[in-house]
Amino acid sequence: MESNNGTTIIVMSGDLDKVFAAFTIAIGAAAAGKETNMYFTFWGLKAIQKGNLTGKSLFGRMMGLLNRGGINRIGPSRFNFGGIGRWMFKAMMKKHKVTQLEELRKTAIDLGVKLYPCEMSLKVMEISREALIDEVGATCGVAAMLEMSDRSKQTLFI
Amino acid sequence: MESNNGTTIIVMSGDLDKVFAAFTIAIGAAAAGKETNMYFTFWGLKAIQKGNLTGKSLFGRMMGLLNRGGINRIGPSRFNFGGIGRWMFKAMMKKHKVTQLEELRKTAIDLGVKLYPCEMSLKVMEISREALIDEVGATCGVAAMLEMSDRSKQTLFI
Amino acid sequence: MESNNGTTIIVMSGDLDKVFAAFTIAIGAAAAGKETNMYFTFWGLKAIQKGNLTGKSLFGRMMGLLNRGGINRIGPSRFNFGGIGRWMFKAMMKKHKVTQLEELRKTAIDLGVKLYPCEMSLKVMEISREALIDEVGATCGVAAMLEMSDRSKQTLFI
């Protein structure tokens, strides 16, 4: 599937709405037959964790405090007053039959979207590879990400 | 105006400074003769609404509460202490004769920049097509946006 | 070093984590032999200031209040409770021997990454060219930035 027409999405944000947008674009790209790679770094790692993010460092534990329960607990970048924002966002998505985030991630994977965790972020945040969902690819650094991006028509930083 | 040298800007943010940057880049691209498309999604829809954003859902109404009066009421992503940030930002722009956001949008349209609302966002936020300014193009999805992007030299996610 | 394989990074954010990501990607690109240009606009200008950002306007002074002491005082976009976030972030980076932001910037410059300040942002924020570090290139506008971007394989908006 090597090409010059791929799509690369760097996901640094851990906000529900932005992660949602990232997966939606990735699915659209994969559905159009494009080689599609997502590179998760910093807060974006929340989107590919198994359950509760279990970084063992102080930083990681704070992140865990604010983010219990994995992808279903991610809040939107606005209106997250005590979780109301997330609840409302998800309620509306449900009402409108918009696919929920976890299903969205599954759809992306099924369509062949590749998910890569940023090596340095894992190290700095003290998150083990085992804390991530099984479907993610090998951890990789900026050089590998840029190679994917060089094969892409569009590279987004989200 | 089909080309391989266009500019595509995905505007997800509704923050004054980011919307300002998006239009500024779009104007620069259009002035350079590039096919320029802006795709407004989620909070970015505020930038192409007629007046007060009138989503009828709870979500939409909350968004309306925080954003009365359309594009002139958008606040910057920082320093928006009770509206002071917006006032200050606009005062400084005026003092320095930097074009205000509404004029900026008009200039973009006059230069041929195309504005597209994201179909799914309109649906999820329960915003009707009529709530948007008349100049916007047909609502479109990710697939159509990616086609524009494939004709582009740069695709920005703002 | 003119090419069609460059990397252009527009840095609008002044958040520690995002500036950190921007320099990390720039270094990776330059190390891979790519023409790498960074264009600093709005809050991003903090990353190329000499010491304390000394905008003389109300806006600039507020920015200075929130950002005393230059690049070492930039806070991350999350967890910046009274500076704790920044301290923690830097402590973790140190513990993990991740290069600090100022060294990161130096490495980028040594590798040939070019840093350009946005002309309009300097004007609006009333920041003089002298307030920026000596290594930055000539101030330039959107047109010049787009020309760099047209020579690039990827243009990121951070």
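Per-chain residue numbering starts at 1, and chain names A, B and C are given in the order in which the chains are listed.
Criterion: a residue touches a chain if its C-beta (ideal position, glycine included) is under 8 Å from a C-beta of that chain, and two chains touch if they have at least 3 such contacts.
Everything quoted here is computed from the prediction, not taken from an experiment.
By the document's definition of touch, common neighbours of chain A and chain B comprise C.
Remark: rotation between chain B and chain C after Cα superposition is 120° (nearest 5). Chain A and chain C, compared by their mean Cα positions, are separated by 25 Å.
The residues of chain A that reach two or more other chains are 155-157, listed in rising order.
In the complex of the two chains, the chain A residues touching chain B come out as 5, 7, 17-18, 21, 24-25, 27-29, 31-32, 34, 78-79, 88-89, 92-93, 96, 98, 153-158.
Taken in their complex, chain C has these residues touching chain B: 8, 10, 12, 41-43, 57-59, 62, 120, 123-125, 141-143, 145-146, 149-150, 152, 155-157.
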